[in-house]
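One chain, chain A, links the two complexes that follow: it is found with chain B in the first and with chain C in the second.
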Partner chain A sequence: MNGNARHSQAMHFTARAADKVRNPVLQQALQKAKPLFSGKRAKAMAALPDDGLEFEALREACAGIRDRALNDLDVWLEIFEENACARGAEVLWARDGSEICELVIDVARRHGVQKVTKSKSMLSEEAHLNDALAAAGIEPVETDLGEYIIQLAGEAPSHIIAPAVHKTLQEVETLFAEKHGRPLEARTSADIPALAREARGVLRQHFLSADMGISGANFLIAETGTAALVTNEGNGRMVTTLPRVHVVITGIEKVVPTLQDFATLMRLLPRSATGQTISNYVSLLTGTRADDESEGPTKTVFILVDNGRADVVGSHYQDILRCIRCGACMNHCPVYFSLGGHAYGWVYPGPMGSVLTPLYTGIENALDLPHASTGCRQCSSVCPVRIPLPELMHGLRQEQWRRGLRPWGERLGLRAWAWVAGRPKLYRALTRIAARYLNWLADGAGRIRIFGFAPGWTAARDLPVAAGGKTFFEQYAARKRD
Partner chain B sequence: MRIALYVTCLVDLMRPAVGFAALRLLEATGNDVVVPPAQTCCGQPAWSAGNRPLAVELARKAIAELESYNVVVVPSGSCAEQIKSVYPKLFADDAQWGERARRLAERTQELSVFLASLGDACQPPGEFAGSVTYHDSCKGLRGLGIKAQPRALLGRVRGLSLKEMADCEECCGFGGAFAENYADVSARIVDRKCESIAAAGADAVVGGDLGCLLNIEGRLRRRGDETTRVLHFAEVLAGEAQP
Partner chain C sequence: MSARDEILARVRAGLAKGDAGARRAAALVYLQAASPGPQPTLAGDLVARFCAKAGSLASTVERVVDYAAVPARVAAYLAAHDLPARAVTALDVAGLDWAAAGVDSHSGSAVDADPVGITGCFCAIAETGTLLLLSGPATPASVSLLPESHIALVPAARVVATMEDAFALLRRERGQLPRAANFVSGPSRTGDIEQTIVLGAHGPCRVHLIIIEEES
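Moving on to the complex of A and B:
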């Protein structure tokens, strides 16, 4: 079994979804976040022309940059490695999650590391790195506020840029009171800064005492050997500059050729993610501390990870690797905002997750995800790198079909239906019967309340039926005769 | 001009009145309107499920029976999109069928797009004493760019006023088999739509795709809303929606 699949709950999507829609606290948190995400992005995009920019042209350029990198990925990675090493960094390669853990623990042991501070890294989620570090006797401390919250709660991120979006203020207050050992207070949203201050007070001690910092990278810039970090909290800088050792863990697909390319992508990344023209912090981290510098790590290690990505390069699904992790697809997804991220069962939620999870954990291990979409295309219409997410999900649906992974009832049902639909006379006869049957089942108001052929439908809604019990074609034929 | 009306399987079985409304509107344009008798389903359910061979089979059937008309009009954004966008893709590797699919795609029009393209030549006979709010169905909106056309047409209906709801472009949660297979999720999504509709306070919610409309109506009624009417725009334009 694929190593990623061992940690995936994606095959239990339906049961998890049923649980999530019935969780009023979660629904409250999601309902609050939804308009914030979409509203901020919409405002930022509407203001693009003020800066002489145009969304469609910009995302065409951004998609082009990512394609250029992906089409010659090996070449750009080699250029990156050469330039990163020339600036004193070490570049290591990890095939999968367990290799990430082995490499990180090895680096930590070589440098006598006991405590690690971390800024946000989804790759470390793919690897379950915190568990591995703890098992090796190394203390990992998440320092992104959202990541810190869910680390305290013992949970996984439910969103790629807002990991604790599923939590309400009250839940965080209770959690902090318990974990920080203080009395519970009643708070309002106006007190959120006080909660953040409280976390900052705790984290400051960790920043100053950590031996190693682990971060992700939003982009790797090949021409300079640089890791670009786009953040809104100061923690990213603390993690990457204070400790002696800095480890960057990121996917091999994150490379872009030039600084200019990075600048272009930055036009859309913060706007798509949070509606900001630029994030509070943009850090370009290159090499180790030079002799004439007073800050920065003396050891920098890049761990560049495959974990399923190389197989996607050159496949029908390569476009998904353009993803710049802005979260806009999930922020505009009706399914995501009905469930939150945990229902998806693996690291990445929402539309991008519904494509990545089957690809990285095995198509047969995430059968629901490509189908758990209404096909509304809100995701692809906001994607800053024009990933055809609905088409990619559809590609996965086709592959499920080709590999015989669909349930027999669906296979048989569709085949029978298509066979009848190919025979108009038979089709007319059967639909005439169906119309009468529906009419017979309907109550006085013309509605079916329980329908055995569509139990899911009538579990939540009535089925409205037209009066008369006759199909269009039956009535049309009668009119023509008259 | 010979116009074919592609009724769609859902209208045929679940709401024939939409088909007759569309027929009436098309006949009022003074053209020769035909309802091709062998039509059944465009094959979208098979395509959505990921079954390409069955989708191809039904696409061939539809192309053969529709390609001889000047225009094919469909009272559904979703089925029109299947013919216009998916059919050419299905036959991308087949020169002969590919060409036939592309020709049909060019001639196929969603009903509101076709009627709006006629300009003043289309004067909807309907009257509607009341307010409506319009739900933009996803495939029509994001697949075919249908947004202004139905609103422009409804604007010509005497007595009708439009009250836009918040998030009118947000999905209603139908998604074909999705509504059945992921019923819990679908119900949560359509609940948000019902809340937007209630907040708009219109007498009727109007749309252009019967699947979405059945989903919305079914959920509104289950929630206890017995008064908000749920109508296809063709019914309103043709004057078949008077209380």
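Moving on to the complex of A and C:
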């Protein structure tokens, strides 16, 4: 079992999903978020033609940029490394999550770091870095408001760009009152600014006193050796400006060749994520503080992480590495909005998670996720880098079949069906019997309320039954005669 | 094998392409070409477009004739918003006569107690209503970050169409990226509690832009 699988709960997807659909507070939070996510994106995309831009042409360009980087990933990483080092940064490499933790703790110890402020980094979630830092006696403070909320709650993020989307206002109020040591107040939506302000006050003191800042990177720009950071709150700027040391932790797939490429990607990333034409802060961070500067880190370290990515390069699933982590696929996914992100059991939820989790934690450790699909294809139609998510999920399902990872009942059933379907006469005879039987069960009502062979399926819906107990072939032949 | 070498070897094994030298040469050619992607066509005056976009991002905008007019307008803005007439200024705008307008100013890096930060900008982008601020000895990044109010002076002549144009200007005038190039588009915001947008997350709660029509 690899290190990622050890932390993954993806094998318990079905059980967790059943729990999540029955959680009224979670359902309330999700139902509020759903129209906001999709509505904002749709509005932003609809406005593109006003500036003579077109979504399809832009995503063609964006997919092309990501493919260019991935198709020569080794070369672009080396060019990035040379340019980053030329500007005084240190570039380190980590095979997996435990190596990320070792490297970060080593950098922290070398620089006498007591407290770390963190801007959102999904890689640090992959590595369980906060636990490792705390165990090493270093205090990690999440500073993205959503990440701060879930850190206080002792939970994991449930969405890649809105980590606390599963929390209601009342839950945040209760949490802040307890953790900030103040009396509980009755809150309405009008008080959301007050809660944000409360967090600002607490976190400002952490920003000013931290020795080290940790951030992710939305992109690495090879030609300049730069980390690009896209944020709205300003916490990304804080953790990369104020502390003495800045550590960037990012996946090796995040590299893009040029600043021009970055500018193109920025036309779709914010629009796809939050419906903004641009995020409030887009920071390009290169090297360290110059000798005559009064601020900025004197030490900048990049940690480039594999953790399962290198094995996807050149595979049938390489397209998933184009992902720019906008969240549009989950924001348009009926499965995601029925369950929330925690049901998926690992760092990445929604359709992109259903592909990434099996690839990074082992296909055998996330058997349900590639099946967590209604086949609606919304995810691939909104993806800004044209990732064929339904096809990749389908490929993973096929691989489960080939490797004998499906349950024996399903394997036997499918084999039996294939055997019968290959013999038309037998197939028609058996479907005739089945149609008559179902019609008898339905007792002329045209539908079966509870079907004994599939009680779960009929628990929330009826099974429709062919009129008069006739099969499709019989009805087709009858109509042709008329 | 080091982690670096092992990771790169696995990537190469996956790509199964061989001849890294030829691929590197092709990559360098691509860097030289620096061809842009789909570009917007922005109708009308760039400065008007910048002002409209910045306004839609919750910044406020006013236009003045020259730099000499700026301190009095800043003082008026601060008074109108009940803000203290105390500011930290980036060195490149510290030379204006702030004292004459009654604005108590100091220059350099911002501290937590600074209520107002005043900066210039390297350039501004009409497409998105965005400022580009470069870090440097005279332009510390904290001035546009720590104070609750950020006032930026934007020469009309420095408004360019796109981020690509801003990069071209940067290459021409500076040669390379500074430690931090910050594209700033309005006050900081968060939507992390029930997807409700709140202005003033960690950075400024309000951003006021003063467009300077002619350079003094």
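The criterion applied here is as follows: the second predicted complex is superposed on the first by the 467 of 482 C-alpha atoms of A that agree within 3 Å, B and C clash if a C-alpha of one lies under 4 Å from a C-alpha of the other, contacts with A are read in each partner's own complex, and residues count from 1 in each chain.
We adopt the following convention: contacts are C-beta pairs under 8 Å (C-beta built on N, C-alpha and C of every residue); 3 or more make two chains touch, one makes a residue touch a chain.
All of these numbers come straight from a predicted model, not from anything done at the bench.
Novice: Overlay done on chain A, so just call it for chain B and chain C: clash or fit.
Specialist: fit
Novice: With the two complexes overlaid on chain A, check the angle at chain A between chain B and chain C, Cα centres, nearest 10°.
Specialist: 120
Novice: Examine A:376 and indicate which partner it touches, taking first as chain B and second as chain C; both and neither are also allowed.
Specialist: first
Novice: Chain B or chain C: which reaches more residues on chain A?
Specialist: The partner making contact with more of chain A's residues is C.
Novice: For A:218, select first, second, both or neither according to whether it touches chain B, chain C, the two together, or no partner.
Specialist: neither
Novice: Look at A:235 in the shared chain and tell me whether it touches chain B only, chain C only, both, or neither; answer first, second, both or neither.
Specialist: second
Novice: A:306 contacts which: chain B (first), chain C (second), both, neither?
Specialist: second
Novice: Based on the superposed arrangement, let me know which partner A:95 touches: chain B (first), chain C (second), both, or neither?
Specialist: Second partner only.
Novice: Considering only the touch criterion stated at the top, classify A:331 as touching first (chain B), second (chain C), both, or neither.
Specialist: Neither: A:331 stays clear of chain B and chain C.
Novice: Let me test your reading of the model: by the given contact rule, A:472 touches which partner, first (chain B), second (chain C), both or neither?
Specialist: first
Novice: Touch check for A:447: first (chain B), second (chain C), both, or neither?
Specialist: first
Novice: For A:124, using the defined touch cut-off, is the partner it touches chain B, chain C, both, or neither? Pick first, second, both or neither.
Specialist: Neither partner.
Novice: With both complexes placed on chain A, how many Å separate the closest C-alpha atoms of chain B and chain C?
Specialist: 20
Novice: Does any part of chain A touch chain B in one structure and chain C in the other, and if so which residues?
Specialist: In chain A, no position sits in both the chain B and chain C interfaces.
Novice: State the interface residues of chain B toward chain A in the complex, per the touch definition above.
Specialist: Its residues touching chain A are 7, 9, 11-17, 19-20, 35, 37-41, 43, 45-46, 48-52, 54, 57-58, 61, 138-139, 142-143, 169-171, 173-190, 192, 214-215, 217-219, 221-222, 226, 230.
Novice: Write out the stretch or stretches of chain C touching chain A in their complex.
Specialist: Its residues touching chain A are 2-4, 6-8, 10-17, 20, 23-24, 26-28, 30-31, 34-38, 40-42, 53, 57, 108-109, 112, 127-130, 135-137, 140-142, 145, 162-164, 167, 176-196, 198, 200-204.
Novice: Sort out for me which residues of chain A touch chain B in the complex.
Specialist: Spelled out, the residues of chain A in touch with chain B are 14, 17-18, 21-22, 27, 334-335, 338-339, 368, 370-378, 380-381, 394, 396-401, 406, 410, 414-415, 417-418, 421-422, 424, 427, 431, 434-435, 438, 445, 447, 454-457, 459-466, 468, 470-473, 475-476.
Novice: Along chain A, where are the residues that touch chain C in the complex?
Specialist: Within the complex, chain A touches chain C at residues 29, 32-33, 36-37, 51-54, 57-58, 61-62, 65, 68, 71-79, 92-95, 99, 143-146, 149, 162-165, 167-169, 172, 189, 192-193, 195-197, 200, 203-204, 207-208, 222-224, 226, 232-235, 237-238, 240-242, 252, 257-261, 263-264, 266-267, 274, 277-290, 292-296, 304, 306, 310-315, 318.
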